[in-house]
Amino acid sequence: MNNNHLKQCDKLVPASYIKQAEQSCTSINNLISHLLEHKKIPEDPWRSDIIEALLSSLSQMDSNNFLSSCGAGEREGRIFSELVASRNYRLAHGVGRSGDVTAVQPKAVGSSILNQLCTRIVLDIIRQVGAETATSCIIVPMATGMTLLLCFLTLRTSRPKAKYIIWPRIDQKSCFKSMISAGFEPVVIENKLKGDELRTDLEMIKEKVKHLGSENVLCIHSTTSCFAPRVPDRLEEIAKICKENDIPHIVNNAYGLQSSKCMHLLQQAARLGRVDAFVQSCDKNLLVPVGGAIVASFNKDGFIENVASTYAGRASASPAIDLLITSLQMGLSGLKQLLKQRKENYNYLRDEMCKLAEKHGEQLLATPHNPISMAMSLSTLAGMEKHVTEFGSMLFTRNVSGARVVPLDSKKTIGSYSFTGYGSHCDQYKCPYLTVAAAIGMNKDECQLLIKRIDKTFTEIKFKNNSAKNKIPSTITQSSQLNN
Amino acid sequence: MNNNHLKQCDKLVPASYIKQAEQSCTSINNLISHLLEHKKIPEDPWRSDIIEALLSSLSQMDSNNFLSSCGAGEREGRIFSELVASRNYRLAHGVGRSGDVTAVQPKAVGSSILNQLCTRIVLDIIRQVGAETATSCIIVPMATGMTLLLCFLTLRTSRPKAKYIIWPRIDQKSCFKSMISAGFEPVVIENKLKGDELRTDLEMIKEKVKHLGSENVLCIHSTTSCFAPRVPDRLEEIAKICKENDIPHIVNNAYGLQSSKCMHLLQQAARLGRVDAFVQSCDKNLLVPVGGAIVASFNKDGFIENVASTYAGRASASPAIDLLITSLQMGLSGLKQLLKQRKENYNYLRDEMCKLAEKHGEQLLATPHNPISMAMSLSTLAGMEKHVTEFGSMLFTRNVSGARVVPLDSKKTIGSYSFTGYGSHCDQYKCPYLTVAAAIGMNKDECQLLIKRIDKTFTEIKFKNNSAKNKIPSTITQSSQLNN
Amino acid sequence: MNNNHLKQCDKLVPASYIKQAEQSCTSINNLISHLLEHKKIPEDPWRSDIIEALLSSLSQMDSNNFLSSCGAGEREGRIFSELVASRNYRLAHGVGRSGDVTAVQPKAVGSSILNQLCTRIVLDIIRQVGAETATSCIIVPMATGMTLLLCFLTLRTSRPKAKYIIWPRIDQKSCFKSMISAGFEPVVIENKLKGDELRTDLEMIKEKVKHLGSENVLCIHSTTSCFAPRVPDRLEEIAKICKENDIPHIVNNAYGLQSSKCMHLLQQAARLGRVDAFVQSCDKNLLVPVGGAIVASFNKDGFIENVASTYAGRASASPAIDLLITSLQMGLSGLKQLLKQRKENYNYLRDEMCKLAEKHGEQLLATPHNPISMAMSLSTLAGMEKHVTEFGSMLFTRNVSGARVVPLDSKKTIGSYSFTGYGSHCDQYKCPYLTVAAAIGMNKDECQLLIKRIDKTFTEIKFKNNSAKNKIPSTITQSSQLNN
Amino acid sequence: MNNNHLKQCDKLVPASYIKQAEQSCTSINNLISHLLEHKKIPEDPWRSDIIEALLSSLSQMDSNNFLSSCGAGEREGRIFSELVASRNYRLAHGVGRSGDVTAVQPKAVGSSILNQLCTRIVLDIIRQVGAETATSCIIVPMATGMTLLLCFLTLRTSRPKAKYIIWPRIDQKSCFKSMISAGFEPVVIENKLKGDELRTDLEMIKEKVKHLGSENVLCIHSTTSCFAPRVPDRLEEIAKICKENDIPHIVNNAYGLQSSKCMHLLQQAARLGRVDAFVQSCDKNLLVPVGGAIVASFNKDGFIENVASTYAGRASASPAIDLLITSLQMGLSGLKQLLKQRKENYNYLRDEMCKLAEKHGEQLLATPHNPISMAMSLSTLAGMEKHVTEFGSMLFTRNVSGARVVPLDSKKTIGSYSFTGYGSHCDQYKCPYLTVAAAIGMNKDECQLLIKRIDKTFTEIKFKNNSAKNKIPSTITQSSQLNN
């Protein structure tokens, strides 16, 4: 309904009423104008119908939705199913063009605006949560691992001789695969145990750089967000090494957007040294379904643009649609509230896990550098690795998802590489442990439920463990399960 | 509503009525059983509410939707926005795991089933449309170009020495980028002009293989679907060369699923020679939004599985959701109807374009090997390249999208590679031309509209062209536009 | 997106692209302008997203959706559930005001426009399908029966002495209840058998008018659409009687909008005599869910307005929303196509039923005046009334709904009134029969299925009937059912 | 997905994973079982996808959604538009049958279950909020006024001589129209001023009963929820009069469900005297769109059933769908929270209005018996009635909806009845006033906004008023508006 339409309604209802309605239309139009003007996450949440009206307007700007369109190509954005059309807001052309995933599509102006707008809003979010001097970002419709791979492929062009990627070990499979799938050789830097924490071995990095030769190193691939007892890498120092040695620095910030500490680390690293790009997951940080990642940078050296043009072809618009909707519906106020709540949950969970550990004769590992997750020793079960594993299964069966139980002797081969102590980020941690995270979107009820279930399950597994040691027949153990 | 629920309803309505309703529930359950049993595209279309009920059931099997779930990890599938949750059917975990894009996720059983089921249905479709002996496929949430790149990265592991990709020229940017982004050196095989057609230069391929050495060639990268006057590559012969020289063969079948001829070519190539994988776009063939591609194979050599495990990390479930919905809503009968209609449109368009060409003193180029697109010479405009380009713009302004107008002298640089005659698949085609396609989903009205608009616009541009030659002031030309 | 918004997008995508998109927005705006200007069913169907955009615009004009609204009353259109909000397009205030169901609500300008617009479109439809001189109509959120009741209540004010309603018998319960619930005494006019048809007894009507005295008769309540062998009332003659005797005439045209014959009858009656109002169901004629009816008139005497102001209070907007969506999505071309298809189905069904009747030694009753339904004798089953009834149940069990099997001896009491031969519109029809309709929206497949199922079921029931007569044990009969 | 389906999925994902998913399905099935078993509003809110799954299951039980249905009637629930189908969950048959709005439809078992279930849940809600001994209720798809009319029509059958309805005056148009549209003569009982409150004149009621004769009185029609300074009728005493005189008693409890005081009044009246039925609006109490009302009773005398069978014909299922969704999504806990919040808002608003009144030299009228609304005198404006009216308009223009400004001298004619002081529930209240309500669903922000806007607007109107008295040119006043 534009102003002409409103005037036409004069014949249906009194003109004075129309005026009141006009005011309302104007205020909604102002909301949209403000968004298009500032390209930032709005302070206050938007109502869902206004978001959908915006998406509908954008989709009308794509050629497949023109009333008199006539498609003579091989890709005309035709959608067979009404269900599919409707759930995609009739945005059929994806984002980007064959040469560049951020390029504007002449056939799909609405989708192009959506993508540009969403990218700008995401950049604003990145700045708001701590990377204040970030200059640009792109959204790619792939998970973190593939996005890291894309960054490595991008670096290759400018470093044709480089074969190695220096990588402080983090036992997360897709990180590792991103390097080998891209055709590079990971140089694993084992972590150093400091107290209970596993920290970056800076000396070893320096040594490797020297030994391999800067020009043969594609980049250093560091990590912020990780599971305790590993803690975020010493980003500042790594960034300095990179700067000094003229080596690119790619940071895996998978779920670090939600932590002001991780973001502060990044910001400092960029200030003091070199950070070429940092990569984060959309789903882990912004509560959207799996499917997209964000590559961001503090520089204006064109790296982000090169990443975009390394992506060969168009991409699904789904991640951008989900992100745009979510950021409008959340608003900056909502986002800040979520971040605040996450911190509170972290503190609550740490305190409760501490009590729980004491109760069971275990201890909460001291990992003050890890702002998101924490670990409790399972020393009681040491030597009975199958009970450690079973503890994990039991938690999963009781609908505790995401809690990781890490035994001591796990081995793993990825490609031609073998790891000892896989899962613990080092060859041999001092004890098996359980690690849990306080991630964004968790609520307090969940924290309480988590504590309760761990308590109950651990009690049970210890009973089993003792029974096994004392060879009490297992039927008794089983019956105790049934009463659960 | 299961049978117990129905029984409980006895207290609300007479039992005899319940029985009738039970019958209906049973028949819908049978539909689902049949799908799960056979894992094929159903013969008849499904109603949209039944499709949504299936998706809703699947989503209830993902841990983020468990009533008593308690998430302690960093990725728990939490969705902030109800709009986003609803448009994704609350399927938040994507598909695949960090090590393999087809792996089953313990946290997301429903999403995993959806992906497996969808993959099996897509395989059935591939067989139904002509690749009868195809053995496996995967759906990847990337466009054709990136998917080709993934195939090349996969081949690298088993051919560590290989640096070259032999590539019969096709002027489509993302195809070319897929090779250079992956870090390989494309060896361009220029096409040979036979009559009006541009065909594969088999001799040159053989020569290059010999010259480079088989072990240095990563693969031959051929193409089926393409814009006339280029025609599909001589797949059978290429496949034989590959077999004889032990070189992998990756086929870009971007929009070839819709053409029985392209599929027949592929099937024959596999029978007579070597085809490692063929890649096709979901959107161009199956009328879903941009976002996914399919890698398929005739072999059981594990290549498809290797591609899946080269993809580092999870992927968006959106392409699989769109594909599943579409194939259920289309049914085999609907698909066949669309393919039939496409062929009819092709014939209709060819005949009408032929008449149009004659009317304007041009000719429809004879490209019998191209089953999807056709080209009309623009010899009238030869020598006035800016009018050729303007003709294209005018068509676009009149909402004709996808028609390509190809001038003679176009130059293009991609990465460090330069092309002459870019767009025409050869250095110098004999005339500028207009090319249009009869793609799946086009309807007859569109064909007629297309002919009409080309006619009108060409008349106009010829008038301009003549005016320019005769230096008639442009105001007259403009006024003729206004009467349009 | 208004023009200012488009201009703002200049910073996100090239201005030339925006121009193309602007064109598209304009063409959609023109569609809406045309609708608001002419207030008629559009010639061509609208796309669903444009319909939803219109509804969304309208809902933004209601005060409950104002961004800064502040509600201090007892009814502020607040909606608790997002699901409910979304399915009602956030239109919460219903239609009408306490004094008049068509009144404009200051608080709900969008809802008011929607209702006015919908009413005008419905009036256009009524004219298009045959009541060319209809002058006004209203949509009421009640079924046909309650709407007739509302008409009777409205007439009471101007005819305070009137106690009787003259009513040519039609065995449809809600018609009858509409009169007694309103507090009037129905004067039943039994139908006369002419050939196979049951037709209006005009003499008896005249006699009753004379006997009761015009001023004591509230109105004559006639019927168009009905089940064969009853046929539409002699509307022209009744209308003349009404005119001559100064008695109002209310026509129950429940599902007559779909039949040009019924509409012609109405138009002629209005031309030659008196028709105060005709009432029709929304769901039966316009393929929307049950819930609304339309009262229409040929006159400008204010009767329709009086009906509107007799309805005490606001009403659900649902019927108007469903009607508006449907008429836009159908378009006049779609409506005409449906009407044409219905006629073809009627002819097809009549021919096939005729063959079927012959095959089974029955006959299709000759009811040429009934344009929608037809009846087949069940003389074979005469005397075995329980088999007649069972035949009906069997058809229902086989998912044939709506087919009516009418035995001879049915009795029914409604309120204090008793009917013999209830269901057959007369005390004693000459044979039991089966009646089926060719209603709007039925497709040819359904017709064929119907014939097939009647054939099969009748064969079976005849076998049972014969078995019963010959006392063959029922087990045999049952086994034949299993093979079905 | 039933258990068989899950088993079939064994071939797609490991059986152990299926087991976990099965658990989740079971817990959701248990939720549904619990609902069907107890037929009460669930304690905790349901998730929207589970609600939609339930609705989808129900709709599959309606014959129009049978896979092999074959419709041969005139009403087969066919829906033309997918939009309409989807927003109505494909529930097309409405509720009730021609003879009874609560009757089960053989053709529409799912809709019938939905309606029965919803009715039972609503009855549970009525009991939970205070009418503990309520025995039955029905949902009717009409607003409060029409529903009262239906009650009066129902009473007529058993009281054929009765012509009068005794009605303590409440200036709400649809209440009054419900009586005259039904054909009865309202006997208006003027309210008595006690302090600031307008209360029921019990003596006058008794006198009228005596004067008219019990048998000539159809019923007493009392009111609970109303705008201050009128307060709820003396229900207990009226109920006793009804009992003693054998006169039916219908209570208009329009928005009283939200107030424990109104509900307590009703419960007491039923305990001590006679209450035949009490009628309430769905939208005003349960935050759904306008469209339905609830008739409830404390008795088992069949009155509710008679009301249901007086409604002639089917009814829209929309109100029941909206109510069912809302009650499931709200849960008892949500409902209680809303009621608690409403009380808090009432207290807050009363305190703030009191301060505001003092500030402006007015007073908050003392109306302790009115639990929902309150009134502030506008004595300052007395004698300048056009300023009183203008004050109302100005509030409305500033998006304050629902606040009523009541001048002294308003006259109104409804039908043949004339009222003086219309709007104030009495011929001449002591001062003009402003009345506002604290209704369910209002939030604290709105309360604060309301106070602020009233303050600002009243300041302005007083300035105008003074200016007018002092004849200051109006331009000054206007400019002050601009600064607003």
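Should a chain be cited, it is by its letter among A, B, C and D, assigned in written order, with residues numbered from 1 in that chain.
As a working rule, a contact is a pair of C-beta atoms (placed from the backbone, for glycine too) under 8 Å apart; a residue touches a chain by one contact, two chains touch by 3 or more.
Everything numeric here is computed off the predicted structure, so don't read it as measured data.
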Given chain A and chain D, the chains that contact each of them: B, C
Selected interface, B-C versus A-B, where C-beta contact pairs are more numerous: A-B
Length of the line joining the C-alpha centres of chain B and chain D, rounded to whole Å: 56
Rounded Å distance between chain A and chain B, as computed from the means of their C-alpha atoms: 30
Distance between the centres, which are taken as Cα means, of chain C and chain B, whole angstrom: 48
Multi-chain contact sites of chain C, meaning residues that touch two or more partners: 20, 23, 48, 52, 63, 66, 68, 82, 106, 396, 399
Residues of chain C that touch chain B when the two form their complex: 20, 23, 82, 396-397, 399
In the complex with chain A, residue positions of chain C that touch it: 1-2, 4-5, 8-9, 12-14, 17-18, 20-21, 23-25, 27-29, 31-33, 36-37, 39, 47-49, 52-54, 56-61, 63, 65-68, 82, 85-86, 89-90, 104, 106, 109-110, 112-113, 116-117
Residue ranges of chain C touching chain D (in the complex, touch as defined): 48, 51-52, 63, 66, 68-84, 87-88, 91-94, 97-99, 106-107, 141-146, 148-149, 153, 156-157, 172-175, 177-178, 181-183, 225, 227, 254-255, 281, 283-284, 286-292, 309-319, 321-322, 325-326, 329-330, 334, 338, 372-373, 396, 399-404, 414-415, 436-437, 439-442, 446, 449-450, 453
